[in-house]
Structures are given as structure tokens and as C-alpha cells.
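Pasting the structures here.
There are two complexes below, and they share chain A, which is joined by chain B in the first and by chain C in the second.
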Partner chain A sequence: MSASLAPECNEVKERYDNCFLKWYSEKFLRGTSTSDECEPLFKQYEQCLTKALRARGIDSMLKDAREDNRDNDAEHMKPRR
Partner chain B sequence: MVKFYSSNDTYAYPFPAVTLAYFLRYPNPYSTHVLSTDTIARHYDAEKQQLTTVRLHLKRSKLPSAVLKLVPRSLLGASASGDTQSYILEKSVVDMRNGVMDTESRNLEWTGILSVIERQQFRRPTSPAQEDAKFWQGMEGAARRHGFLSFGPGAKVEDNGETTEVTSSVTLLSHVGERWKKRKAAEGATAAGAAEDDQQPQKMGFLKSWTTASLQRSIEGIGLKRAMRSQPNAKEGMKVVLQRMREGGLVAVLEGMRQDREAGLLTYGESKSGPPRRGGDGGAD
Partner chain C sequence: MKIFQQQTDFDYSWEEVSTANWRKYGPWNEKTPHVIAVDTLSRTVDPATGILRTERLITCQQSAPKWVTSILGGSETSLVYETSYVDPTEKKVTMCSMNMTYSDLISVRETCTYSPSSASPHAKTTFQQRAEITAFCGGWQKIKNSIEQFTVDRFQQNAAKGKEGFEMVLERARQVFSEQRDLIRLQQDSKILQQARI
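Up next is the complex of A and B:
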């Protein structure tokens, strides 16, 4: 599995990733899924990651980027296909 | 000012396998410079059978020396040789009902210098002949197509002749020399759609000898060349993952990832021997 940018989140990330792969390949791809069964594990992973992103100052960069990108999209990059 | 590049290709693997490989494509032998991958948001719409995923990749990267020459280092936060790390934001939507996956990756840093947006669309082919074949294959065919998806040690992708079409594009946009955040704010105050040409981009001191437009064109051109070079590697990386899936199922893919991750750690900071180290998306390496 790929590593987390925050080593302290690797364990919970791996648990979530395993759950996701199983759900994705066994249910989602077959069109038989009624809900995202891995959401509780994602919440744990997200909690760890949010803390890590904040500690590294990446959270604000992410937020800015996503806002800027929306503006860029509207301004310059209308879908071309 | 925008540069744009696009290409079409076909993977000799079924659509579900390709979408799975997309999520599992890092690390692979062509992308040992990808240091980490985190899922920062995920939403499943059960009614539409659509899965939306936002991921954040961290890549070890090197700025093109041509760009280093053009732009002062203080703007880049890179070392003298251009070594740095960069974050790539990736968004994807898998639409199982319609057999389409749309992806978009972009660099989060240096967007004042160059924004690189890579988009890919993967499609289940829908030619009448194939639809017909699927119909006649009936339940047996459906079961066989899904056979590779079991999460067991024996699970494999079978070569049943199904393919997936992919359209890739790269959009490059340089804002260098523009005080564009300010401009944007001004534009926000006026009515949408106001003519942009009214506001000439302003040059920064170090760019005085260049026209803003020619500098932007140069940087976009450098980015375009690099993006075009990286495309084959991105494709090879996907193919390695798909091949592993076909040979040994998810177990083989995960084992391969483990080895590639170790290889990535070992080569960290060392010379660039071995397979090309380029993953493909975001382009900000």
C-alpha cells in the first residue's frame, strides 16, 4: 500500500485502504453497494490526517488551492472534451 | 495564455480493472518518486453508483533547469539544483452505471509560476458490436467478467478481450508576472464576464526585460515538453499494475507496491539509475 504523508497515520490508513479495496472490488464495481461501508474507518483516518495536515500547514494550502482552482476553472479552463 | 495537449489510447483490460489500477497506481516502478498518497475526501452516491475521491500525493521532484533559469529561486522554495517536494491534488469520479471514470490532477505549489492540470477519462467501450457480444455472453459472461474481482489470493484479471478507452489531456497555464490574485479580487467586485483585457498584467521587477506574455509562453512550453515526455511513463506505470493484477490479483498488486515502496526509499536522494522516475499526473515534478 502507498504510505501516508504522516507516518503516525500509516496504521489507520492501511486499515482503511484494505477496507476500501475490498468494498470497491467486491461491491462497488459490481454495482451492488448500498452504502460506503468503510466510512467509520475513513473517519478515524481523516481525524489523524487532518491533525497532520494542520501541523504541517498543508491544510490552508489545500483550502486556498481548491478555492483558487475553482476560480481558475471558471476563468480559464472550461472543460475541453 | 494556455497550452494544451491530448492523446487517446486503449488499455487491453476491462474497465473495472482499470479503475482499480488507477487507485493502486502508486507506487509503481515508474513512479518511485511518489512519496505518499492520502485520501482526503471520499463520497459514494449509491443512487447514481458514483464514487468521488480526492487524494493528495507528495512527490519528490526536480524543477526543469530551464525554469530555474527563468524564475528567481526565492519564488520557488527549491534547492540550488531544483530539488524539492511537491503536492499534487487529484480528484476522480467513477461512474459505474455509465462505465466512465474522470480524473483530474493538478499541482498545488508554484501555481504562480505554472499550473499543470492533467485530466484523464477512462471509458468502457460502447460500440454496438460489443454491446451485442455482452448480451449473448449473458450471465456466464458477467460472472466471468467479475471473476477477477474477488478479494482472495487466487483472484485474477482474466483476459477476456475487453478493453478500456482513455483520453488524456494536459493543460498548462502560466501566471508568472501577473498580479493575478489582486486582479481576481478586482474582478470579483465587478460583474462576471467583464473583459479581462482591460487590466494589463503587471510585471515584477526581475521580469522587466521580458514581456510577461513571452515569459509565460516560454514556461508553458517547457511544461508542455515535460508533460509530453512523462505521458508514456504514466501509461507504463498503469500497465505494470494491471499486469500484476492479471497475474496474481490484488495480492500481487499489493506485494508489488510494497517492493516499489522499498525501492523508492532505497533510492531516495541517490543517483537516478533504474527505471524512469516519473508518475505522470500533476506534472509539477
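Up next is the complex of A and C:
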């Protein structure tokens, strides 16, 4: 898997990525996922990453990007008829 | 505004492609060294639709030539914001991305999809890519045009490289998967290995 932009987050990121890939191929695609078993690892990774994004001033840029992306969410998350 | 579009098929099932897609910029891909980091910002499964939504931040090494950075200003890395939507029932992956760096000067919005090929849905996957490029340097039509054209040309050049790189990832993923399957089979068949618990 790919590295994190924050080297200090690489280790926990790798653990999360591996967990996710296993869940994705073995459960999500087969329609048998009931819970997000990778959530605890994601929380650890997120904590590390959030700190790094704030330190680099990327958090405010992200806010704008999220704002601009609203149309995509509306288009691609809409319920099937 | 200028538009770049292309479509191509991969000789792998949608399940293989959609899984390998998460590894697209990893070490198995030797064709995209400019992608330095890929971070996941959030990930949720929508309870109503079953769609997996992922937000990622992609960090790239800046590769624009001097004449472009002298207009847009220099920066060592550029950031891309991506949201993706995986619909496991429809078998469709949609990825939407936009540039976060230089976003006051240029807007690059890309949408890519992976879905089973209509000709052979179990064996092949169709990739569709569309990018809209708009430069905003007030008044300077000539500069705007050259920046947009340069970006479209880059998309064109990168399309072949992108496919080649992803083919490497797909091949490797299939190989690793079959090795794992063999190991599991071997383990189940062999008492010694069972005891050794490899």
C-alpha cells in the first residue's frame, strides 16, 4: 500500500490499510459485512493524520474541497429507484 | 474549459479490479512514482444504499514544467482530493477528484468509473475517464488556453502510463491471491503444516 504524507503515521496506516483490504474483498464485496471491524485501527490512524494535516495547514484547504464536492455526493449517493 | 475523455478495458473481473484499485498507487505500480502518498480521510457505508464512500488525499510530486510554475507559482508537492463510491450491488466504482493546490488558478475535475464490460461482464472491466480543465487567469485568454491545453496533453500522456501501471498491480494481485489460495489448500491437506500453524 501507499505511504502516508506524514511519516509518523505510516505504521498505523499500514495496519489499517491491510485490515480494510481484507474486509473489502472478503466481506464487503460478498455482501456479508455486518460491522466495521477496522474502525478501531482507523481511529488511531485518523488521530495521527488529523494532527499532521493541522500542522501542515491542509485542514483548511480540505474544508473548501469538501464544500466543492457536495454535488458529487448528491449525484453518486442517491438511492436507487 | 477543455475536456479529456478516454475508455479502456482491463482483462480482469470487476471484483479483482475494484479490490486492486485500492493498491493502485502502491509499490506494485512502478509507473506512478510521482504519487508520494495516499491518505484515507474518512470511510463509511451508507446504510440506505449500501454504497461505500471513501475520502482520500493524494499527495503528488510536482512535475509541471518551469513555464507553468513560473505563472502559477512554485510548490514542491500538489494535493488532490478524491471521493469514491463503490456500489457492490450495481458493481460500479466511481471516483471523483479535484486539485486542491493552485485551485484559485486552475480547476481540474476528474470522474473515473469501473464497471463490468458489457461484452464480457464476468471477465472484463471497463474503465472510463473524463476530466474537465478550466484555467482562471482573468483576461489572459492566451495563457489560459495554453495552461488548459498543457494539462489536457498531460492527461493524454499519462493515460497509457496509468493503464500500464495498473496492469502491473492487477497481475501481481492475482499472483499473490493464487499463492495464498495454494498455501491454504496445502495447509488443509497437510497434517504437518497444520501442526506447524503457518
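Here is the rule we go by: the second predicted complex is superposed on the first by the 67 of 81 C-alpha atoms of A that agree within 3 Å, B and C clash if a C-alpha of one lies under 4 Å from a C-alpha of the other, contacts with A are read in each partner's own complex, and residues count from 1 in each chain.
Rule of thumb we're sticking to: a contact is a pair of C-beta atoms (placed from the backbone, for glycine too) under 8 Å apart; a residue touches a chain by one contact, two chains touch by 3 or more.
Just so it is clear, the model here is predicted, and its values are computed rather than measured.
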| item | value |
| --- | --- |
| Touched partner set for A:2, first chain B, second chain C, both or neither | both |
| Chain B versus chain C as contact partner of A:34, first or second or both or neither | first |
| Partner chain(s) touched by A:22 [first = chain B, second = chain C, both, neither] | first |
| Partner chain in contact with A:55 - chain B first, chain C second, else both or neither | neither |
| Chain C-contacting residues of chain A that also contact chain B | 1-6, 9, 13, 16-17, 20-21, 24-25, 28-29, 31, 33, 36, 42, 45-46, 49, 53, 58, 61-62, 65-66, 68-69, 72, 76-77, 80 |
| Residue ranges of chain B in contact with chain A within the complex | 2, 4, 6, 16, 19-20, 23-24, 26-27, 34-40, 42-44, 46, 49, 51, 56, 58, 87, 89, 94, 96-97, 106, 108-109, 111, 115, 117, 119, 121, 146, 149-151, 167, 169, 171, 173, 184, 250, 254, 257-258, 261 |
| List of chain C residues in touch with chain A within their complex | 15, 18-19, 22-23, 25-26, 35-43, 45-46, 48-49, 51-53, 55, 57, 59, 79, 81, 83, 85-86, 88-90, 94, 96, 98, 100, 103, 111 |
| Of all residues in chain A, those that touch chain B in their complex | 1-6, 9, 13, 16-17, 20-22, 24-26, 28-31, 33-36, 42, 45-46, 49, 53, 58, 61-62, 65-66, 68-69, 71-72, 75-77, 80-81 |
| Parts of chain A lying in touch with chain C, wherever the complex brings them together | 1-6, 9, 13, 16-17, 20-21, 24-25, 28-29, 31, 33, 36, 42, 45-46, 49, 53, 58, 61-62, 64-66, 68-69, 72-73, 76-80 |
